[in-house]
Amino acid sequence: MVELVPTLLRQELERLAADNQRIDGRGQWDSRNVSLEVDCLYNAEGSAKVVWGDTIIYAGVKFEIRTPWPDRPTQGSLMCGAELRPVAHRKYEPGPPSPQSIELGRVVDRGIRESGCIDMEKLCIVPGEKVWGVMIDIHVLSDGGNIFDAAGLAAIAALRTAVVPAERFDVGEDHRLLVNGSPIMASFTRAGGRFVYDPSEEEELGGDERIHITLGDEGHLHSLQKGLRGVFTPSEFAEILAVAEQKCTELREMVAEKEGN
Amino acid sequence: MGGYGDVKLLRDDGKRLDGRTVDEMRPVSIEAGVLPAADGSAMVTHGLNVAVAAVYGPMEAHPRKIQRQDRAVIDVRYNMAPFSTGDRIRPGFNRRSREISKVTAEALESVVLVERYPRSKIRVEIEILAAEAGTRCVGITAAAVALADAGIPMRDMIVGVASGKIEDTVVLDLDKAEDNYGQADLPVGILPNTGEIAFLQMDGDLSIEEFNLAMEYNFKAASEIHVLMVDALKRRYERGDN
Amino acid sequence: MVELVPTLLRQELERLAADNQRIDGRGQWDSRNVSLEVDCLYNAEGSAKVVWGDTIIYAGVKFEIRTPWPDRPTQGSLMCGAELRPVAHRKYEPGPPSPQSIELGRVVDRGIRESGCIDMEKLCIVPGEKVWGVMIDIHVLSDGGNIFDAAGLAAIAALRTAVVPAERFDVGEDHRLLVNGSPIMASFTRAGGRFVYDPSEEEELGGDERIHITLGDEGHLHSLQKGLRGVFTPSEFAEILAVAEQKCTELREMVAEKEGN
Amino acid sequence: MGGYGDVKLLRDDGKRLDGRTVDEMRPVSIEAGVLPAADGSAMVTHGLNVAVAAVYGPMEAHPRKIQRQDRAVIDVRYNMAPFSTGDRIRPGFNRRSREISKVTAEALESVVLVERYPRSKIRVEIEILAAEAGTRCVGITAAAVALADAGIPMRDMIVGVASGKIEDTVVLDLDKAEDNYGQADLPVGILPNTGEIAFLQMDGDLSIEEFNLAMEYNFKAASEIHVLMVDALKRRYERGDN
Amino acid sequence: MGGYGDVKLLRDDGKRLDGRTVDEMRPVSIEAGVLPAADGSAMVTHGLNVAVAAVYGPMEAHPRKIQRQDRAVIDVRYNMAPFSTGDRIRPGFNRRSREISKVTAEALESVVLVERYPRSKIRVEIEILAAEAGTRCVGITAAAVALADAGIPMRDMIVGVASGKIEDTVVLDLDKAEDNYGQADLPVGILPNTGEIAFLQMDGDLSIEEFNLAMEYNFKAASEIHVLMVDALKRRYERGDN
Amino acid sequence: MVELVPTLLRQELERLAADNQRIDGRGQWDSRNVSLEVDCLYNAEGSAKVVWGDTIIYAGVKFEIRTPWPDRPTQGSLMCGAELRPVAHRKYEPGPPSPQSIELGRVVDRGIRESGCIDMEKLCIVPGEKVWGVMIDIHVLSDGGNIFDAAGLAAIAALRTAVVPAERFDVGEDHRLLVNGSPIMASFTRAGGRFVYDPSEEEELGGDERIHITLGDEGHLHSLQKGLRGVFTPSEFAEILAVAEQKCTELREMVAEKEGN
């Protein structure tokens, strides 16, 4: 990718940071507007649309019936993938999955998987023969910054409102997918030398490393990821972790509201 | 076309299973300017189909070998989201989507004033979020609105519509069941002002009389959708930049 | 593909069209010479070679035994593919299948499939267990223009002379493949502003859009495809459709002659 | 080599199953100039094998990084048509065809006067339409005739031939059954005038004496095929341009 | 993390199955300059893990579009040899190795003085020959030593270490069984002199207190491994060029 | 690959050859130092490390249980692959397997397979149901010239010391893989106009064609391969074949020593 170093943007972000300001007027730990819509797509057994500032992401859940792995005969499976297709931004090119899209999918996947919110044993239909495979696909339509948090939010909301299509597969009655808890991601980018929450597109372009934190309902860490060039200190991490706890709680409530039960 | 004789698709009153008459479209709604990151965009809902199109450019065409000295190339990607169909689709291009991308690009090159932008490229991304038969046509309509939203000059709009045949009867705008169990499908891309055709495919079985009737339905539907396209762009201009 | 716009060629085609002439002396609806040979390749269960002007195309039919799809337990399957390999012209490059070759294969496939000339039920060996898969491969050796019609002709001729190798697979005696009818394709390119039948390489290079029409024995339409940049009117289409009816009938007779029974 | 001991490949009269003697080739026929679109071409029928070769170039070598400052590169693609074998082959390169393409290109670079065309590329396309053992050799023969037909200067022709071993007996030119159940195969590319070797592969089991006899057979066969190659080119020149 | 509750990983004496205490590393040995063809190289054995790293460059970055005007790019490939795991791995990149390659490259770009080499590329090849949990960390350590062996200037070394949780107990440096049946894994890349962090991943379940203890163990281990890294480089310089 | 023709190196190799010398002081048929280590990698069921001059190569053997091919129900299978990954030399690039790496793997594979040293019948566990698949992977870590001979040596040494992991797959007790004989490869490159044994990196860079000869215990030929541009005469071949016999015998003894039984 051609990426001219945005020197002027960097300088501007530093100037703003020195005044404790951000380029779009937000405070250091403020979020942009977030809206969440669920059950919005025909054919997906669970779906969610997140509009987060200028970022728009859909997530869709599909089910299949699989033969379980021989060493785990009573366990279903979960798969989460993401595509950063050229629709989402001028900078994305067609071709095989980029490292960026692989990282996005795997970080969201780990947050959900490691939180234990999907009990793989509950996905068993006939031990050793038939289990459910749950597949979440994240489709980024517009990248306006902080796609990780938006993708994580869309994924858990689509999962929590998904209906297992048992009737279509002749294995019982349709029922809500059982999801225990809502792992939520909070992401921080170093912009102007300090970390900010929910980076905008410009802060990502003129910033340095990112840290993605996924927290479960109890405030436990389930996934961490540091991306891009840059280093940080343990005390910086402690500070953003405290912010993440608050942000994740707020977003978890937003998901709960949409479930309508 | 599946063409199974044993599935009833027309009711005793001559109407279709969802209550439509033979020459009645599914409901269509169109919104322009839906994606902040794109230069132009549109979302079209047609029945239960949902298609989003984004336009980027004109921009430098690279690699060099795709450049044309006298005009812009239009680079179309038609893609079905993994969750857009009954069974999940594995991400990545397949033969069907490559063919649709090719003929859609050629149809759009027939209406865009590509001579205005020599050596450049216009990217058109068509994403099908939900599929209920007729997605290639819905994608063409969305692409045309997105091109207009991006301010790309065109000699006319292009409207994607389809007719087909079920139970030996020509009908407008097949839905999922009609597509699965019907006898023919005729998707076309119509220039609403000139009455010319820029996109044409067909499969199944149609006599020449049936073909002519199906085309008549298609022209009628194109006029109706064209009104909605113009309306969406008007609303977009009134709303202003995002 | 580097494609210098052949301005001079375009002007020449326009000049000729104004005089109702073509660059190789043919009339607007005239075909070049076509020769058809069948049963010409060891190892193919059906084969045909078409020499159509400077275009040379082979088609070969192979059979395999497959498990039928669960929702169609008594149906075999048909697959038609085409390769535009670098052997066929200076302009073709190695690599994964190009959109051009995919289009060629799919348009020929649709013409055959949608005509219903292969009854999938007749390809059943043991319901739910074994069905025949019929695979037609189109191999373009020399592209001298109008490869679509030559490919379609080779494909149906190879199919109509194919022998199902039942003995080799231990499922009965070898027998002729049952093919009901001969779908035939007729292609038109706009050259010099008007449509011509059977475009030569130069007419394709200096021309605009193409229309491919596949007609069955009864004169019904089974496949249509418009390719390349350009628009046409309904009355232009009506005119070429009438020409197509006559051309397809002539070629259908050529296929029947080769079957020798 | 399969090397199964229980298949009889030699008759009691010492001849092979198809009646050939141990040092007898299958029938060969060669035609030059068979593909109108190519700069040079040839079709070789060898037993039931059918190979077609097309030559394009010399042309500009791109991408740049494949260019050699002091000579042409020869870009060979050996490909088996999907219908050329008993079971259909999926289209696309596989490991076997990539290896054959590599060593065939290197063999042809050894005879073509590549120094005459610095920084350029000569494309050689070898298509196997029907395979009955020995296709890499038939392809080399076809490529050599196609290069000559294209007017590419060569220091000598190159002839592809093979000998092998069946039932502990060295024989010339294995056919399908002999290849499947035989004990060794020794395909070589011979320069008929200089007696040098530009292509060599071998697998199976050969003592050094057996190897020497197999090579003797190969040289004999190369002379015979060379006559047919020259003859095909003569007929081609008499026929004139197509 | 597998997180199966029924596998016992701590003995009654509080030690781990292989006899280590909770904050004890597996044995580590490091050798620099092991690959004659590379500009810099290292082999690290960590428990039963074996990782080799090779460095090539700085060299011209091509294709052009990967160049950065103001610095070098670091191109990392983390690869597991087919025979490095219990079941053979098919050669070729997979999603896991692509992700690890990406974040490892970003971690190394954080310590290498990339500003010194604008428009250039430094290739770092990490090959895992034997895997016994924690390979990404072992690879980072090997890469850092190889970079130093290649004479690439760095603001600090970087040490790959991991802690985790088994049976609700935080432990340093999970081995294979602990990784398979444990509850959390926290691999980090630590700058031993500045105490900063350039690489961070984590999965499983950790309370914030557990996270802090795991990080404490990691910093301790990083100091120990750093001594071995410096020692390996000393021995390498004493040995001289190969 | 950009490959500037090393004209000066060519001239130097010709000058040296005229004096019957080599660039590193060896005689025409001398080998560089070779060391062989076996059983050196955790997780591989057989492994070997060869250091041959500046060339370093590992080979690892893995086993899997497969369903046999229907027409060979009592035969297991053998697969040998090689990767020339970018780790091994500045000149190797990432991407799909290059023709060079495919050739390396296939030439080593043929030498082993055609020597008959692995009896496929002995790899049968349950006829028609379960057979062993043996997979040898060659991993080149440093290419200092003559990787073919080093790869062949590592492969046969890894095979001859491999242990079939029957217990892990619940099909009996672990046991040494049965290997009858040691096929060994000897490679020659034309450098300075004449053939030399065991070419160094510089001799390969400034040389012409290569010939790879694999000989079995009885001195029979099992695989031949000529690579790169150049021609040779039958008498040249006879000369190197005689050298190969001696070299293969020496290396075969080195393998036998490492087996320790």
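Per-chain residue numbering starts at 1, and chain names A, B, C, D, E and F are given in the order in which the chains are listed.
The definition used in the following text is that contacts are C-beta pairs under 8 Å (C-beta built on N, C-alpha and C of every residue); 3 or more make two chains touch, one makes a residue touch a chain.
All of these numbers come straight from a predicted model, not from anything done at the bench.
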Between chain A and chain F, the fewest steps along chains that touch one another: 2
For chain E, the least number of touch steps when starting out from chain D: 2
Furthest chain, CA centroid comparison against chain E: C
Cα-superposition angle relating the copies chain F and chain C, to nearest 5°: 120
Label of the chain whose CA centroid is most distant from the centroid of chain B: F
Inter-chain centre distance, chain E versus chain F - centres from mean C-alpha coordinates, in Å: 31
Chain centre separation in whole Å, for chain F relative to chain D (CA means): 26
CA centroid of chain B to CA centroid of chain E, Å: 51
Gap in Å, rounded to a whole number, between the CA centres of chain D and chain A: 57
Per-residue overlap in chain B, given as positions that touch at least 2 other chains: none
Touching two or more other chains - residues of chain A: 97
Category of the chain touch graph - line, ring, star, complete, other: ring
Sequence of chains encountered when the ring is traversed from chain C in the direction of chain D: C, D, F, E, A, B
Complex interface listing, chain F residues touching chain E: 41-44, 47, 54, 56, 58, 60-62, 64, 81, 83, 85-90, 94, 96-97, 135, 137, 139, 141-144, 201
Residue ranges of chain B touching chain C (in the complex, touch as defined): 1, 3, 65-66, 68-70, 95-96, 98-99, 101-103, 106-107, 109-111, 186, 191, 194-208, 211, 215
For the chain A and chain E complex, residues of the former touching the latter: 1-5, 97, 99-100, 102-103, 105-106, 110, 113-116, 209, 211, 216, 218-234, 237, 241
Residue ranges of chain E touching chain F (in the complex, touch as defined): 34-39, 48-50, 52, 54, 56, 59, 77, 79, 81-88, 91-92, 123, 125, 127, 129-132
